[in-house]
Amino acid sequence: MLNVEDVHFSYASGVEALKGVTLTVKNGEFVAIMGQNGAGKTTLVKHFNGLLKPTKGRILVDGVETTKTSVASLARNVGFVFQNPDHQLFSETVEEEIAFALKNFGYKPTVIEQRITWAVNLLGLTQYRKTSPFMLSGGERKRVALASVLAWDPQVLVLDEPTIGQDHQQKENLRQFILQLQTQNKTVVIVTHDVEFVAECNPRVVLMREGKIVADGEGKDILTDTKVIEQSSIVLPQVAQVFMRLNVKEVPKNVIDLYEAKQLLLKMLEKKP
Amino acid sequence: MSRPCAYFKQAQNMAVIETKGLTYTYPGAPKPSITNISMKVEKGEFVLITGPSGCGKTTLCRTFNGLIPQFYQGDLKGEIIISGLNAAKHPTYEMAKHVGLVFQNPENQLFALSVEKDVAFGLENLGLPRDEMRKRVDWALNLTGIYDLRERSPYEMSGGQQQRVAIAAVLAMQPQIIVLDEPTSFLDPLSAEKIFEVIHELNRELGLTVILVEHRLDLTARYASHIIIMDEGKVRFDGETRDVLGNEETRLIGVGIPKATLLYEMLNKEGANLKGTIPLSSEELAEMLQEAIKC
Amino acid sequence: MSKRLGGSVFDGLKFRKVSSPIHSLDPRMKFIYVITVFVAAIVFSQIIPLLVLFALQIPFVLLARVQKQWLRSLRGAAFLALFIFIINVAGNFFTQGYNLTAANWENAASMTLRFVVLVESFSVFFLTTSPDHLGLALEQSRVPYEFSFAFTTAVRFVPVLAEEAQTIMDAQKARGLELEKGNFMKRIRNYVPVLIPLIVSAIRRSLELAEAMESRAWGATKKRTNLFALKLHGGDYALLSLIVGLLAVALYTFFFVQIPTIRGLLGFP
């Protein structure tokens, strides 16, 4: 469970990036943090594993204050996958890459071996186990980075802009993967501005702007709230746009799911004589 | 230097880009990245090239201005004629006068310490006189809406602004064709939309031929008259946007068909009987639905 | 709108365009001035001329409003200066039979002051010349374009690389890497997961930059033109006259004037 209590954060340069953020994320929740560049999304999630410590207020991860413990120990529970996998990859083989964190956390060699096998199977990388990560394609490298974080099975997984540069199929795979993690009661937090992806997942959406949370609720409600969206540099999901443009009475405005939209529209079309 | 005689007679050729059986293998690669690509782009078209990761679209872009084969070496077979020039036989700096290339990462296309110096970079390379450069730089800055940012340094700018600088820098060279390889990958949807609007304007107002490689069809399909879908190094679909995206078979390739188009199909499958041209955007679908609901 | 909220040690490297009469002087003229001061500082070993040369920097620093940064660089040089002073005194002490005269002290002070003047004159130059101005000066001089391009591009990417280094460190810390742990050897090995991604990224970046350069007609002609031209203005000519005056005074003093020593003025032998 993540508790963010009135957190303020200023960078060394003096810029105040978080101006009083309060948030609770329960175990097993799937949250998408959205907002414009500079709103403070990445700054906020970097507090979850202690990379940044609040200048005012506090953050509790499973009851432990982040200022009272090291990044390494927080990282055991909060896995962070950065936007660019090339910022993590450095090993000679995919195997060693995945073993890195496990060694840091002091796992025994036999356990490390098991976890590597588990992780490569999970992400379809078995045939690349002995390959150099630098030889793999962009999408494959992203999977190696993900595997290396999942290997130690953290309770919380934070993904920073996981859909950038991904094609349609890769995003679909990611979406399925997150659903799978949810069945294991893992908490998943993504930082993203990919509205269509979020519309397909329909998670809890936390919208940030200028260091504050301006909206927090169900995806379909937040993503269709035009006032709030305009100020946050994201656009309406295309399905919602269609409904927004329909000049028909009693049209629900918070539709983001394709199938729901189809049902509603069929009903509307049947009404005509 | 004298122009080599064009492969096709000028009168016949309205195509600014034409490839025949283009096949390319990167040095040391086990198999070709693109195989037997034959395509044609007419002057003034707005072409969308899309396909799953690894389908060869980036490789294809690099052949348009000669980076392949000159920068990348490797093995290029087949023919490629750009603006009447055989791209494989002319140095990249010569091709740069006809084709501009904008890349995915805005940060790695800007070298100078100020925006105007960056926009002038290509012109300085070509050795143009100062007043001509000044005119073109100001013109390009105005077209992309960043004239006020001309004295800023790239580090201080957002990704969307940086990408507009890259576009201005290419524009200043006044090419006939502009190729953009996933230019909005790193940008948020609003900035991405702005970039697409700028590109659309350039195509409409200046008659610039645009080749856009993109995954986000929901934002771009509406601008393109011509779409090419690639998969595993080959061209699978090549034609008018509405025809191709309306074709059921494209679903098998795994491209991100715009939701409006999918919704239209789903409704018609269940007997909605919507009439009109296949919608590519929410506006088009909404209009169509409005009509259908009213009457 | 700045997308960079990132804070790190390297914020000071972000160059800002400051306007002051000194900043707008032609960098080439400033450079000649600095070289003149440099040569004068080497030619004179007496303390009074060196003090004069040192004092000469101050109006420039004040006009350019870079006092804070200048004092900071002085602080940085102070440590080394003290070291030089001690070495000189000790040297004299041991070679003269454990004896120190007033002359020795004054000489040591001169050597130290010379060092400070040399360092500070260059410091003032770099504090009052923005990198793009410097780049332009390089482009207009006889330096081959490849070098000035390498210079400006390097400067342009310093803040980017710094931010990337920070991100990489964060990413590895998030995988349990503890940079501060372990003995000396372990600590050095701890940096491998930071250095390798940094180097790989730098290589990838150079390839992308090269592609962009080629695509914008790099190498099209040997006769490259320039959007800007540095021209000398009133202030530059004023500086030029200062340089000439300085040279004249220095030459005259060197050949014809018996420079008093501090110890002489104070009545020491």
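A, B and C label the chains in the order they appear, each numbered from 1.
We take it that a contact is a pair of C-beta atoms (placed from the backbone, for glycine too) under 8 Å apart; a residue touches a chain by one contact, two chains touch by 3 or more.
What you see is a predicted model, and the numbers here were worked out from it, not measured in a lab.
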Distance-maximising chain from subunit B - centres being C-alpha averages: C
Of A-B and A-C, pair with higher C-beta contact tally: A-B
Whole-Å gap separating subunit A and subunit C, where each centre is the average of the chain's CA atoms: 45
Rounded Å distance, subunit A centre to subunit B centre (Cα mean): 30
In subunit A, residues with contacts to at least two other chains: 37
Contacts with 2+ other chains: residues of subunit B: 158-159
Of all residues in subunit C, the ones touching two or more other chains: 1-3
Interfacial residue positions of subunit A with respect to subunit B in the complex: 36-37, 137-139, 164-172, 193-196, 233-235, 237-239, 241-242, 244-248, 258, 261-262, 265-266, 268-269, 271-272
For the subunit B and subunit A complex, residues of the former touching the latter: 51-54, 104, 158-159, 182, 185-186, 188-191, 193, 215, 218, 254-256, 258-260, 262-263, 266-267, 270, 272, 281-283, 285-287, 289-290, 292-295
Residues of subunit C touching subunit A in the complex: 1-3, 5-9, 11, 164, 167-168, 170-178, 192-193, 196-197, 200-201, 204
Of subunit A, residues touching subunit C in the complex: 11-13, 15, 17, 37-38, 40, 43, 46, 49, 51, 70-72, 75-76, 79-80, 82, 84, 86-90, 100-101, 104-105, 134, 148-149, 152
Partner subunit B, residues of subunit C touching it in the complex: 1-4, 14-15, 17, 130-132, 135, 149, 152-153, 155-156, 159-160, 205, 208-221, 223-229
